[in-house]
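Sending over a structure as structure tokens; questions will come in a sec.
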Amino acid sequence: MIKGLTRAGLGAGAGDLESLIRLASEYGFAAVDTSGEELETLIAARGLSGAQALLKEYGVQIGSIGLSVEWRTTEEAFRSGLTRLTRDAEAAAALGCKACCTYVLPSTDHNAAHFMALATRRLRTCAQVLGAYGISLGLEFVGPHHLRTRWNNPFVWDLPSTLDWIETINEKNVGLLFDAYHWYTNEHSIDDILNLKVEQIVHVHINDAPAVPVSEVLDNGRLYPGEGVIDLAGFLRALKQIGYTGVISQEILTAQPPADPVETLLQRSRDGFAKVYQAAGLEA
Amino acid sequence: MIKGLTRAGLGAGAGDLESLIRLASEYGFAAVDTSGEELETLIAARGLSGAQALLKEYGVQIGSIGLSVEWRTTEEAFRSGLTRLTRDAEAAAALGCKACCTYVLPSTDHNAAHFMALATRRLRTCAQVLGAYGISLGLEFVGPHHLRTRWNNPFVWDLPSTLDWIETINEKNVGLLFDAYHWYTNEHSIDDILNLKVEQIVHVHINDAPAVPVSEVLDNGRLYPGEGVIDLAGFLRALKQIGYTGVISQEILTAQPPADPVETLLQRSRDGFAKVYQAAGLEA
Amino acid sequence: MIKGLTRAGLGAGAGDLESLIRLASEYGFAAVDTSGEELETLIAARGLSGAQALLKEYGVQIGSIGLSVEWRTTEEAFRSGLTRLTRDAEAAAALGCKACCTYVLPSTDHNAAHFMALATRRLRTCAQVLGAYGISLGLEFVGPHHLRTRWNNPFVWDLPSTLDWIETINEKNVGLLFDAYHWYTNEHSIDDILNLKVEQIVHVHINDAPAVPVSEVLDNGRLYPGEGVIDLAGFLRALKQIGYTGVISQEILTAQPPADPVETLLQRSRDGFAKVYQAAGLEA
Amino acid sequence: MIKGLTRAGLGAGAGDLESLIRLASEYGFAAVDTSGEELETLIAARGLSGAQALLKEYGVQIGSIGLSVEWRTTEEAFRSGLTRLTRDAEAAAALGCKACCTYVLPSTDHNAAHFMALATRRLRTCAQVLGAYGISLGLEFVGPHHLRTRWNNPFVWDLPSTLDWIETINEKNVGLLFDAYHWYTNEHSIDDILNLKVEQIVHVHINDAPAVPVSEVLDNGRLYPGEGVIDLAGFLRALKQIGYTGVISQEILTAQPPADPVETLLQRSRDGFAKVYQAAGLEA
């Protein structure tokens, strides 16, 4: 399983995509998550073969791009993002990226049933476009309890509901962005992971949680891997056991961006990954 | 537009399907709504050509059958109805019936978003099976206000939400069972009907409502056409204007079944239809 | 039914889209067919509201745009057209155009079954993208006999096969570009039109055929409406009878572009339309 | 990978399903392929729990049932099999069987493109029904050269075309019935197997081919595993390498059913499996 970075947890100093790639490589990471626009910018700057060469030189792949389409508000906003989506997908496919992800808030001010119908249709369209480029769409359920009542109506926040939803969307290339934080805040088990089929997982995030009651864990109160109480060793072992070989990206959402220099944060991330990978028996 | 009957409003004396067909014909109706099982029983009793001949003799068509599959509870219950569904569809197709309908309650004790996902998947499967037989699936939104809060979480109860949902189900043969009562209790307009495409309508129900505030109209407090305050003339004219030529079935849900003899109720239904059809300019 | 023009039949002098719109209006046409790129160019030149105003001023709508995606060759070629497709669709939707069409050659040098599988998948993706913009995809079967054996393996060229194919593609917004020439060269009947549902028709072409045996009619040997032997009056009456109210565009494919001045060709087109519309009882 | 039996290769003496299960167990097989009707008969005879207990007692699972629906001829024939399909699926699901398979002839007397469109639609409907029961549909491409020209028009017979077709059918639960004979007669490679994702494989058949030129190999000229020239060791190793853990069923189609006693044929099958499993390093 490939160690990856998002920008969440690196403070303000990670720089542009090229910089992020260099830093990732330097600190032992082999993947970065980014946006389609950043990929397009990189290709524009270096040419496609130049961009491919850069990734090869640093031994870094693109783990996932974010879904840039606005699927949560109006039909007009949704539509107006589809050209951007094809461009994102084209850039991602050209650089070997196979995943595009979005998160799902666990409550909504819309009528929840109606919003589910709209979201299903829009995300299906996104999946259809992405599928033409060989890219999968990953949906991230979001577990922290405070967000379940943050808006008026409950939506979906756990694994079984999200898997049911994925069945409903009914496109082969839709699966989970599976985040350890949301697995933890739902109090899901190792067996819940072992019951997944590997093709249901599009992308994985890790991060850790403080030692507070699960119901009080805040979405933006995340710790670096190994610094908290989530059984990340068990999480990683279970993913390996079902055959997952893809990227494990760190995503440390915090109330304030960390103030430490990016090198400090990268070293902390490297150490965190080493700790939990070793605990999982994934490296010496 | 073809005048039709359901059993709702005929009390206990309408008898079996054959009896219902004879009575419908006698009182000027050219369609009846029934179940797939009743169709199968009729075919078993008379042979397919005998059943077809009966319908022809009385000038009565089958307007719609009810969706017998349990799509609202467990996956096991859902599955176990699929064989019955294929048999319903086979009988319906053999007798020229093109519509199979189900109603949608406006609130639910389930998580509404999750239930929407499950319902979408299950109804899509039903539509796919029905589609193989050339039969459409009609979804009836249910408008009365008291049912919107009858269970814990709001679901869908109006025309726009239902049309969005139909788009999400994404099978060509899914449309509306459009009931005048639910149009009225949603305070939808004539323009809302005129904005429909005729292919969005699978089946139509009419009945009337008492002169009480709309928010107090009870689902089982329905009157015969022309006995209440719904603008059924406008409703019918608008349907005709968009090109609807199918069945208009009466469905009078009441707290207690009417105690009058079936002949009295049929005469009352005939008179009600005559009144609103005349008001709509549909007959002399 | 709205009289429309394509450029096929207007020689080299029709000019750009703005010119085509003016000429159409001047000669009694209320629709033109064009490309998404031309629409985008018009919007770029005049602004969206300026482009909308132009159409309004001249009383001309956009009948259809051509499907710009290359769906007949490689996967790479196909993919690389999807961004263009979203842009086409965005421009078309902004200007009220609801149809995007492509033709289907009746034979192929590919394995016909495999090509059908690929074409089904690619056209479904196109339909899904177009559907997000409220635009339908029209497939034009191509009837002339010489093309049925022009390439090694027979593909599809008639109405029933195309309708079956449309069912297989299984998106609501896919239907026919129904061309009188292909209806004629297949020796389809008026009843074949009457058996269509209006929602199966996305767009219509007319043109006429010379008095030669049907099997010898050439695809690029077309005449102006009313100058040949096709029963265009019957064709139009049948379309009207099933409720078609959309655009009827002239498409005169010829071996050499006509050399007459565009005004002469437009007058000839106007006269042809007048003749067949009158014969069909559609105008005084 | 689980050793399985079909009846093809066991002559006339294998008896009913219960007998086949006992014999399979006795000769070291842990799976049998059968029909939904046989499963239903078994359940009718022993009750569901009795049938489940029988399978458990003998350590035998149901590898696959045949697709009983007639998808190759008329729409009427197709439809009339759908009730049977739901019953097959219900029986299969109740007994833990997850696969339903059909073969695809490599040529057809129909127009190949039109037949592809019809077949795609019908098999999609079958997949949708099976999917409701958690069962996958396996499509078996058929490679022997003589069948590619047996009927007038070429259809599909190789792995890449079949994978493209499966994409076109576009249901998650459709994959390959992957038969070593057809892999061999297409001269596909080990790499072709290694490039598959395990979820693309629904079921596997093995059998062997005589030492004649590949183009002369007859579909009903099959040998028992290890008695011919197919690299079954490589075939099995590659399947294991991509993570396949399902059933490998023997299917020995011959011009005449073998005349030997069933016990002799079973011993021959056991020996054949032992030989190729050992060569593949799958057992001591």
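For reference, chains read A, B, C and D in written order, and residue numbers begin at 1 within each chain.
Going forward, a contact is a pair of C-beta atoms (placed from the backbone, for glycine too) under 8 Å apart; a residue touches a chain by one contact, two chains touch by 3 or more.
Chain by chain, the UniProt names read as follows: A, B, C, D = Sugar phosphate isomerase/epimerase family protein.
Everything numeric here is computed off the predicted structure, so don't read it as measured data.
Peer 1: Just to be sure I understand the contacts, which chains border both chain C and chain B?
Peer 2: Per touch definition, common to chain B and chain C: A, D.
Peer 1: Identify the chains in contact with chain A as well as chain D, in label order.
Peer 2: Looking at chain D and chain A together, the chains touching each of them are B, C.
Peer 1: Give, as an integer number of Å, the spacing between the C-alpha centres of chain B and chain A.
Peer 2: Chain A and chain B have C-alpha centres separated by 46 Å.
Peer 1: Any chance you could list the residues of chain A touching two or more other chains?
Peer 2: 170
Peer 1: Between the chains shown, work out who touches whom and classify the graph as line, ring, star, complete or other.
Peer 2: If you draw each chain as a dot and join those that touch, every dot ends up joined to every other.
Peer 1: Note which residues of chain D are touching chain A in the complex, please.
Peer 2: Contact set of chain D toward chain A: 170, 172, 197, 199, 243.
Peer 1: Touching residues of chain D toward chain C in the complex: what are they?
Peer 2: 108, 111-118, 120-121, 124, 153-156, 161, 164-165, 167-168, 170
Peer 1: Of all residues in chain C, which touch chain A in the complex?
Peer 2: Of all residues in chain C, those touching chain A are 78-80, 82-83, 85-87, 89-90, 93, 125, 128-129, 131-133.
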